[in-house]
Amino acid sequence: MTADLSRAALETGEVLVVERLGGGLLELVARLPHLAANAMPGTFAQLRCGTSTTPLLRRPFSVAWTHDDTCGFVFEAVGAGTRLLAALQPGDPLDTLGPLGNGFSVVDSGSVVCVSGGLGCAPFPLLINALRRRGVEDILVLNGARTATRLYPAERFARPAVPVVAEATDDGTRGHHGPVTELLQQALSSRPTAIYACGPNAMLGAVMGTLLESGADLPPTLEASLEAPMGCGFGTCLGCALPVLGEDRVTVWKLCCTDGPVMPMRDVDWDGLRALPGADVA
Amino acid sequence: MTENAPGSVDLGRGLTLPNPVGLASGTAGYGFELEQLIDINRLGALYTKGTTMDARAGNPPPRVAETGGGMLNSIGLQNPGVDSVATTYAPRWTGWSIPIIVNIAGGSVDEYVHCVSVLEPVSEVAGIELNISCPNIAQGLDFGRDPAEAARLVAAVRAVTQRCVIVKLSPNVTDIAAVARAVEDAGADAVSAVNTYIGRKIHRATGRSVLPLGTGGLSGPAIQPLALAAVAAVCAAVHIPVIGVGGIIDAASARDFLIVGACAVQVGTATFVNPETALQVLDGLRVDDY
Amino acid sequence: MTENAPGSVDLGRGLTLPNPVGLASGTAGYGFELEQLIDINRLGALYTKGTTMDARAGNPPPRVAETGGGMLNSIGLQNPGVDSVATTYAPRWTGWSIPIIVNIAGGSVDEYVHCVSVLEPVSEVAGIELNISCPNIAQGLDFGRDPAEAARLVAAVRAVTQRCVIVKLSPNVTDIAAVARAVEDAGADAVSAVNTYIGRKIHRATGRSVLPLGTGGLSGPAIQPLALAAVAAVCAAVHIPVIGVGGIIDAASARDFLIVGACAVQVGTATFVNPETALQVLDGLRVDDY
Amino acid sequence: MTADLSRAALETGEVLVVERLGGGLLELVARLPHLAANAMPGTFAQLRCGTSTTPLLRRPFSVAWTHDDTCGFVFEAVGAGTRLLAALQPGDPLDTLGPLGNGFSVVDSGSVVCVSGGLGCAPFPLLINALRRRGVEDILVLNGARTATRLYPAERFARPAVPVVAEATDDGTRGHHGPVTELLQQALSSRPTAIYACGPNAMLGAVMGTLLESGADLPPTLEASLEAPMGCGFGTCLGCALPVLGEDRVTVWKLCCTDGPVMPMRDVDWDGLRALPGADVA
């Protein structure tokens, strides 16, 4: 009932690079020894954007990958906070709080499908790396985006050995022409034992819809990383409520930051979530 | 501790805070999260999340929205209810040296009285803060916006507790000093000011209000000059201790409240940005400076 | 002009603004400075500096102080007096296409009535804005904080003018909607909301209030969510046109006011930062968006 | 009664360099063709510091010098705004409004003394350049600061020919040990025909005091550039009031931004100014 925050810490790291991947995607790399040593797949960090009181609040970002004492974050400049992150220069300080939240349960066998929509790619490199370290090799990444240039490059999902990545774009500029859920539909025939999903909440709802419509049994591991506007990121503001089905299938509010962001997809009240106005965008 | 470090603060009825810097209600939960992140026991007080007679699920999301230099919230008093607090949470405070002041909210005098009564025998509770000023539930402001109603509530609560009762004032009034005087006369031991300001944000893409109830409460550095004016007005009006809250982000912005006459402060929204803010405020305050 | 550009706004009694975007009182003087900096005649209205019966020297400096996302001012209604405005300034407005709405302030009903009477025959004046909400002079808020007093003032002014009378409301009240309804009933043609919020700033080096009167009026983006909530409450309460003002910095923040029901807006503090803000707001508004 | 703002304009220039002069003094050089072409000695520009709404207001800075289409500003990082200016990088945009205010009356003969206190050096390079172009060669600069490293370098007051600069420091680390007004006392013996002063208002009051105490006739041209916290910089907020002696020697408020910042020192109500609380510092 109370979150485990024992590994979370404030850490001011150093920006090493902000790489432009094309199409607006950015990869921020920073030296953050504490975060790199403690981040689990699916956990996130609260990043301070700029030093002014406007924007005021930190922004949550999945830890995309870790390497020695560095961490990577993948994002796009969509608003005030991400624009400030995009403008960071090598050597600039990066004020972080993390790792926060509950990550994915990393399975140690079976066949795995990762479903990514847009920036939902972010947690997967770290997850795939962890899966591989546990011996899981049967990993399929389904990567969807609006257009080709916004697809996170396949070779970045895992290093050095690239996993199998199937791509889908809304405009057909690369891979399958259509939503990533259509790729998922096809992939279900191979009966994956674990499905991990990340993307906008609406896309996650569509993933759940695809699974239910398929009529197949839901895989034993079925998890999604959800989004909610956050005040704190560590369970004290109660701002990041998400509708979850409680014991008797009655909807209760759970906190994205400490009960999530990764939640069993079976537990989420997808209808309730769809009925909510979207996350706040400036 | 340096010689110049801020000392203890006597709020009356046996409640002495070890130092003036506390964590504001609704921004520190019941302490269990922050206890893992910071050395919470160095602080002067923890004011809990607003607690009601029955458990409350809170409002539908989105519940928070950022604005220039501030944030709106519409949590809707999500809390486990006073019985859970008394039986499940209080035992976990045993051994904490930070005084725990339970913030109480309700829709009627009876609800407040019930909550305070339930907490009266709970030894881990150091004091009571009456939230008569929450803008995010129906009737949440009625008591706080009318001096007579506020006095009626305080008198009823006064009758059932020997504990220090701090009344948390709403700034959304014509004359906050009048409300402060009314609750002082009705038996409040101290007042805290201010709660959040009623604000609204429009979703730029949809053109609708971001928060589901339309409005929410504004907090954060944007309100600091307003809170400071309100607290100065309260300090000039009453003789009981005044606790200043609103937009504190560092020792300098906290000191402002002590200069205008507050004896203690609460750090709210800034804790979200940096959980160590209250400790930094404490370490930055020098009694010679105010 | 694009087809989607905002059209004219009828405020009643023959006052039609060519478009909804005006310059707020006290942030554009009497127009003579901004006329040199921007194409002022493209705008919907200029609300002049608060004008009183007698010339006023204003408060001692410092009169402005910056805060997070905002500024405090304590100008104290420095102005040349209504006679100078009528005889010296008004002739200089001849030929301007921007409607000039003279903002009037005073300490008594008689002062307001006198000012409005003096301006009644002045053809360059398009309308009157009654400032019942200036926090920076003694008694400046009395009318604005009490619905009955506000109504008494408006009724007296109503009796001496055929012009459109806009009443500028104070946000420093428990219930701004009640004041709005009172002035509507008393004959106001429109209301504008809000004036500044009472705030205070402490000088970090001296520990004293920066502004000589202690408090001043807070304006700027910090108050936008508060002003928006107040304007929404006013729009829900009255049937006369509502003009939104408070913290507008761009078309998006102006559009928020139109979405909650205002028919026009005023740009204040943002003009100081960028004199072209009001024009940028005008150019950025699309009628389909609200 | 209404300011002449006909030459003022919004102009976004390009930062060329922010040079560290030692002791905290900074010289910001930017390409600003309009400002460079229109700035008169003693006029100022309102500079936007950063792009956030905190800090909100522009900050006033004297145009220190112009050269072709570039302008120089001299300042120190004392608060939020100047810290942001100090962090500017070559190529960054600089959002300006100017030139604003009334400058110095530039004499065309006689002997001139310029009295500078601290950052009061700022308007003098442009002034000295203008004086020289009018044929004035007898120019003495009295430059005072707290300590040697905070003295604006003598060779920067005019190029290529350095004027005579006498220096004073409060701590005696360079030049005269004492306030710059003591240098002025000595300089009065040569009976200057124009005195221009710039520095903190208190220092300007001391300059006036020194002149009056000397018993000598006041020079025909006697002007100071004053400071006041500014809301707008162009006469509409009425925020920058300064006490000035009106027709009948009764104190009236004049605006620093449009009636000044340069005012005849005879007209300023120095006692009134001294009695006011200092300009707002964060």
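We just call them A, B, C and D in the order they show up, numbering each chain from 1.
One rule holds in what follows: contacts are C-beta pairs under 8 Å (C-beta built on N, C-alpha and C of every residue); 3 or more make two chains touch, one makes a residue touch a chain.
Treat the numbers as computed from the prediction; the structure is a model and nothing was measured.
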item	value
Where subunit C and subunit D overlap in contact partners, by chain label	A, B
Contact-richer chain pair [B-D vs A-B]	A-B
Rounded Å distance, subunit A centre to subunit C centre (Cα mean)	48
Distance between chain centroids, defined by C-alpha means - subunit A, subunit B (Å)	35
Subunit A and subunit D: spacing of chain centres that average the CA atoms, whole Å	54
Residue numbers of subunit B (touch at least two other chains)	68-70, 201, 204, 221-222
Contacts with two or more other chains, residues of subunit D listed in rising order	53-54
Touch-based graph of the chains, sorted into line, ring, star, complete or other	complete
Contacting residues of subunit C [partner subunit D, same complex]	26-29, 32-34, 36-37, 49, 57-58, 60-66, 68-71, 73, 75, 78, 201, 203-206, 208, 210, 212, 220-222, 249, 269, 271-276
Residues on subunit C engaged by subunit A in the complex (per definition of touch)	68-69, 221
Of all residues in subunit D, those that touch subunit A in their complex	50, 52-54
In the complex with subunit B, residue positions of subunit C that touch it	67-70, 72, 145, 172-175, 197-202, 204, 207, 214-215, 218, 221-226, 228-230, 232, 247, 252, 255-256, 259-260, 289-290
Interface residues, subunit A side, partner subunit B - complex	2-6, 8-10, 48, 53-58, 97, 228-243, 252-253, 258, 276-282
